[in-house]
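Letters A, B and C mark the chains as written, and numbering starts fresh at 1 in each.
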Amino acid sequence: MTLALTLDNASVLIFALTGALAASRAQLDVVGFIFFAALTAVGGGTLRDLLLDRDPVFWIADATPLAIATGAAVLVFFTAHLVESRLKWLIWLDAAALAIAVAAGVSVARSMEVGTGVVLVMGVATGTFGGLMRDVVANEVPLVLKQGELYVTAAVAGAGAALIASLLADGTIWTTVACIATTFGLRAGSLLFGWRLPVYKPRPPRA
Amino acid sequence: MTLALTLDNASVLIFALTGALAASRAQLDVVGFIFFAALTAVGGGTLRDLLLDRDPVFWIADATPLAIATGAAVLVFFTAHLVESRLKWLIWLDAAALAIAVAAGVSVARSMEVGTGVVLVMGVATGTFGGLMRDVVANEVPLVLKQGELYVTAAVAGAGAALIASLLADGTIWTTVACIATTFGLRAGSLLFGWRLPVYKPRPPRA
Amino acid sequence: MTLALTLDNASVLIFALTGALAASRAQLDVVGFIFFAALTAVGGGTLRDLLLDRDPVFWIADATPLAIATGAAVLVFFTAHLVESRLKWLIWLDAAALAIAVAAGVSVARSMEVGTGVVLVMGVATGTFGGLMRDVVANEVPLVLKQGELYVTAAVAGAGAALIASLLADGTIWTTVACIATTFGLRAGSLLFGWRLPVYKPRPPRA
């Protein structure tokens, strides 16, 4: 299994868990769990593959991600009541999935002939769109809108770290490690310690 | 006209009626009716064609669906005040369109070289995404989120029925009949008699 | 630079400003501004390119639009507090971007072998989907839903004007001028003078 495929499958698993947790918050049945798990799990990578005109889309080429998402959804359906805060689990798993999916997006984009800016966008899009679709369809405020939390910012920094690492140690695992560590580190720092960039504050117009 | 095309056009017509009814609830002008009718009518099939890399997308190859959606929208604009409950019509027409669109998705996917799991997903995606886009853009709670109603579940069961029927009587109309009857039957049973699967109920963590 | 590319870049710039203004209303950080600017700026054109199977998508072929969107987002982040009503700016810039993007969509679609109805749809889709995605992700009521305002209607009329102009003066700039003037003129008239089409009003069913 190639690195890109491994990363895709890992992010599929973790995003599927977050999708199923969102379904549990909406009190759906087990098929609803599978629907949200699959939507969240393959959403970002599907957008990436459509944009890059990869044919076929990764989960059409090999349906393993669908099986993973289904398994994760069923697992959560029967065990979610065991955890103390489903929202907390959702947010932390989302952070892990975001980090891995950014790395997956960067890895796929780098294997194709596209510019540096496009690689960065593909990392961010692969990382953020699955969760975004989950939140929009589940009628929740998208995590990208959470004021003063590092989310898109963490994804951009992680993709940037991968690009810098690729200059220093191309073709090695370090590109992926740098990406995941940066994205997850910044997101975790934001959740735990309130790390943030200055946010826009409307001020009265100058006199 | 092939079976897949007939199914696409039938689901386009009925989904277009639901899109126009959604526009009537938002009190838009006639062009707004056409916009929502077209979005709902071709949304699911467009996603399916993009995912399967069918080129061109069905309504670009032949603009008949756009004409059907426009006609349906104009019709609803001038007659919707005649019906007693527009929401009730919307929900029942949506059930019919869902059933036909699942069959259309399965039919197209089966004509391409993709695995069984992908056929099932294409049926469900074709069936649900038009209505999902209608509800998200119209700022209404998506029907897929309606707690305790069979919706995605009906679509999955219908696509599954088509796959089983195809083992028994491949290449015949029975595949389509099984799909439509199962999807619509389950959805109707859910609306009329409250048929449902057990839904997730958060319980306190075990001691 | 071709006409279609010039129009794409102009609409990218103005839509990016509206995306950044939406981010300012959500009080995001500068990376959030860039995210919303890019989403709004390339959303409509990306959908158009995916539907028409243009490969590669315009901002993958040449990353200039991403640079434009980033610059616009940073500019707005540091200057938005200087304007008196950010919502007013957002709405008027959106009107300008809508007009230019409809022209860009029509221009690209006319260069491909598609029917008249499809050209019209591509104009409207290119014009409206960037703003629609901005509003859906930012959790605001989509402008297409604003009751009694010409929005989709202005886009359809503009695309229609381009088609008529192309019959009279094909291959000239007048097609584009007619499209932009019609779209922006109707939208502006709607905002300033309340121009509108009759909207649907539910009436009691006839006795």
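Keep in mind that, in the parts below, contacts are C-beta pairs under 8 Å (C-beta built on N, C-alpha and C of every residue); 3 or more make two chains touch, one makes a residue touch a chain.
Molecules present, by chain and UniProt name: A, B, C = Trimeric intracellular cation channel family protein.
Since we're looking at a predicted model, the values are computed, not measured.
**Student:** What angle, rounded to the nearest 5°, describes the rotation that places the Cα atoms of chain A on chain B?
**Tutor:** Rotation angle, to the nearest 5: 120 degrees.
**Student:** If more than half of the interface residue numbers appear on both sides, call it same; otherwise different. Which is it for chain A and chain C?
**Tutor:** Mostly different residues.
**Student:** Round to the nearest whole Å and give the separation of the Cα centres of chain A and chain C.
**Tutor:** Each chain's C-alpha centroid was found; their separation is 28 Å.
**Student:** Specify, in ascending order, the residues of chain C that touch 2 or more different other chains.
**Tutor:** Correct list: 50, 136.
**Student:** Where on chain A does chain C make contact in their complex?
**Tutor:** Of all residues in chain A, those touching chain C are 50-53, 114-115, 117-118, 121, 124, 128, 132, 136, 141-142, 144-145, 147-148, 150, 152-153, 156, 196-206.
**Student:** Provide the residue numbers of chain A that touch chain B in the complex, in ascending order.
**Tutor:** Going through chain A, the ones touching chain B are 23-24, 26-35, 38, 46, 50, 55-57, 59-60, 63, 66-67, 77, 80-84, 86, 136-139.
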